[in-house]
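One structure is given below, encoded as structure tokens.
Order as written gives the chain letters A, B, C, D, E and F; numbering starts at 1 within each chain.
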């Protein structure tokens, strides 16, 4: 059996056996939402899946883990004006995450890592963590791949870091995602309140927030410079993320 | 692009274009739950995915459709005593289905077919259909593959028809699922109220129901005669199901 | 005291005493919904009540039971275009059923039988059973009277078996319901997806489902041949149902 | 047809016709809960039903009304220590009331009167009224029969007025309820906070409240002097209530 | 530290210490809603806060208590047509009350008194009490200041007693609330069903209820004779309420 | 009238008049939770209130605004092991915020700024913003005062920036909060996953998160160096925050 960390590929007896040597489960979480003219709707769940599977492979010899099926739908109402986007409600998503964690906990997994690839999911994930707090034995960790990059690596990409941008396109590309190379566009995105609310994860200074539709800040669905994306950049970022992710799993295994 | 019916593989502009020739969306629904010692946890969602993708391919030239990512988690609390099973609550599952349908409806899909592979999901699917009734423009259809078999085909399999049984194992095998051939077992399952509540979808006569855990009726997780399963039987059943599924899509395309 | 199986007619001390010899409670469930021009809105709850009371009387000497007040309102949104229909939401109905069962359970009843007379309630009943699973000591059984008929008895009635049809009208009539004999009509009902979705409980072959309003398939509210109904047929069906129901209660009393 | 105000006894065409001359619907609401050693569990819903039916009969010639099936289960957790009591959650009950009113409203009833017989239901009824406010065209009125008594009539009964007391027993008796005459007991009930929280609807002076179980304030389930009850008193009270109820319906018919 | 009964002014160590001598917590509850042209929106929460703080001060030497921050928002949808009114949903309010009580209970407070100043909150408070019943160790009491007046004191004010009326204005004024003296108006309020539903807390005789908007019964927002209000009346009422409130706290301290 | 921006101090007519010149409402949000041995439980809501009132005063001459009563309770389950902390559930808090915003929106306020002082509230605020999105006309902005500091000002305080730390203590002190100067303590807080999950808002590098109780990372309730706090630092930070907050209000007034 290839990819033997995949929970869904095992029989229940195989899971029972695996639980004797492994108490860590990884849950990839993404979305099915527009990513501009060059990247498919699957981008977020594709990336989250790739990072999780690759991290599982990298750490396999030193530490067994299991990986559940990917949560392929996320919280994406702000992208609904772009065709094909599918969104769960925030409550559905957080309930789903909690249900999965409770199931894993019941089987004896002691550490669960939610590996998230979509910024829009963060609130729902936080709700799930809060709802489980005190009601679950397992420790549930939440790791966004884009927060595993560190500040340094961000220097190699052209800001803003936001959506289907240089960083995300480079990463997706390197990880094997379908990229419509010649459809890539650059669109910096509109600042909704100049100096306070701007579409850029790497922005500094005072900041506030507001709920909005992506159509208000971009026509193409892109916020960033996707024409700057290269597989080489992608490799550098992916390597860093995987290194950190593996190190993170190693750390929690000790707890 | 291979499998060009896959929504998640498209960009939003490609979906926009596809919507001009296609208003039908298919949503495969399964579960991640124990299927005895010979079949992996993925069995239900694997089968639902296979049937949906193959039906899409078969009907493609005459009728375009899109297929969303598969709902890989289902309602499976009754299997939780078998390791690895993951269950959503019934409310989470029905909300998830409704959220996906509302998203598709908002984009202009007019007919949605939920292709289900897990009996335990039927109540949640029914809840979702009821909740959407009057609140959605699209027509949402619910088709269980095992109800697309018809009475005749059932004659080729050894009853009971229930879980990881002759029929399901044959179908999964033919569709390419990992089968641990020599781990297959036979277990007819216990009748909880003799003459009224028996684990067999093909049973006739008076019947009632009750909620139970699978451990009460089977030790192995199997209810049925999986040693009787063959790929040949699988092919016959799959062909019938696909023929009916394609015919069903053709019928609703006319409405 | 007549009908001494009626819980509501007892004082709390009488219930306390009865609990020493009886741990079985029966809960009739129906609806208040249109049943065409010849049958009153009460039909479903009238029938469920009659079957339950009569079964209680039949089994009384060998096995004491109690019968709660009937749930007279059900899930009937699809009938709302016909005046007088009252519908609960699916959640209200399932909560109500669960609340009643939890109350009975708390008093020490160990087996509860929901005797249902309305197909539209099945999903809500299923929700209630699932919600109680693991949270209640009592075993809760669900029996639809029309599933206590068995295949054979269906041969004496003219299909389709659906709503205010030959079978239902015959049964209601024999059980003493008000029947406006000369208002009876025949209307076979419309198939929403020919070959797959037809209004007939006795249909065989591949099948799917969809949510719809009764107005889409019938003008009169009837789906079936109510002019074929006779009290004699009613008697035959009622006798069979009662025989099975009594046998069912006898079986669960042994568990 | 006797009792031709009964909605459930009509066909949908009869309701349709009745709606041309009548826009007022009455909904009796009670409970299934202990009423001490002399009165059955049905007491509250029996009384509410009787008052509503009798008021409908009294006003029939001048004003047509319809009466829905009685809500026989109420909010009674505080009585659960007495066997046989069945309680809905407050949310289930208020949802049920709102569902029924929305159904009536949809058919064109313009005034709905909830005729309540159980003090424990008041909060849920209030919730239902609040939830419907602004979402329903019909005016929904809430009338407790014990608030239709007026201050004067209370003078003929021995206080406290609370539960299975002199007043309630007298009323039930006169209305034809089964009364175990020689089981009647007197129990004044315990004051939980003397001077502030006492079980007596007719108490004056400063007051506060607290949630409690009936077992804390009474051993028999009675709070009041049921041995003082007579059918004659019952008649006086019933006549007053009916007179007021009829007058109330007459008033709202004018609005 | 002034007002040393104020929970929020203490550090957690001070609360820990205080809990050794005091198990009683008081929670003032009001609203932010229109009170006619002479009283500010804060009136209900201002009065509730004042009564609670003053009662705490009066009883301090004999009995320590703590007072939580005031719940300043209440259930006021019926006032939304008057600018500035803020309303919570009934569920939000009852959840909030329950959350606060559960927190106090968890810290070891054994008696909690909700001191309410807004009639519109009564249903939500009742919901909260019911929801906590059986799930909380602390006893939770509910006291409306206007029910601490007693019948006698009401004689000094001009009826109706309802909203921004003689009684409320007098009380607010004496307690130091901002009163726009020359903007006071008299408006008796409209009876929605004469003889049954009238805006007057002091009304006797048969009564029913209905949900309505204040605009239907008053133009100014006042129901009552606020020009009759005086600080002297206010003092008399306040003294009585405080005396009763202090006596009430003394009583529950003994339990 | 002092502080004439305070909504609750106005009559409804005054609000009506104010709405002609002002469409901006500010809502301070805090918590009632432990802040170590030197700061009271009110700290977060005290600070949020102070910032909001002071900003309103500063911008008053150029731009009128109204300020609602402060939300004094927040989401603080992780502090419940420290006495006195009161927590709402995340759902209660988000519903409360949404209810308040919907009320303001209904009156015609077009821009609402939630001025938050408690990190633990961010998820609930985000939920509220998401829930209102598409259902409210007003733009709802979310500003945490600690995100109005900017990177530079952080340099004057000793890290970690977390809870009752140098920064928070300095700010509270300068704003007039009760500070038990000699009870101040230093406690850096425990890192739950070294290199990834550390209690410091100013930390850089890869990061993940997990739900935890404050007792796991601090004994005193403090995470930070509160002995380093001075009113002078407080002034610098407060001035910066106020300057940014005023600038933010000015910006949104233009939109």
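Keep this in mind: contacts are C-beta pairs under 8 Å (C-beta built on N, C-alpha and C of every residue); 3 or more make two chains touch, one makes a residue touch a chain.
It should be emphasised that the depicted structure is a prediction, and the values quoted were computed from it without experimental measurement.
Counting steps between touching chains, the shortest path from subunit B to subunit E takes 3. Think of it this way: of E-F, A-B or A-F, only one pair shares over half of the B-C contact pairs by residue number, and it is A-F.
Between subunit D and subunit F the centroid-to-centroid distance comes to 49 Å (mean Cα coordinates, whole Å). Subunit D and subunit E have centres, each the mean of its CA atoms, that are 29 Å apart.
Counting partner chains per residue, subunit F shows two or more touched chains at no residue at all. A ring topology is adopted by the chain contact network, closed into one cycle in which each chain touches exactly two others. By the touch rule above, subunit C contacts subunit D in their complex via residues 1, 7-16, 19, 32, 34-42, 45, 68-70, 72-73, 80, 82-89, 91-92, 95-96, 99-100, 103-104, 106-108, 178, 180, 183, 221.
Remark: subunit C residues 75, 77-78, 90, 113, 123, 126-127, 129-134, 139-144, 147-151, 193-197, 204-211, 244, 247-248, 251-252, 255 touch subunit B in the complex.
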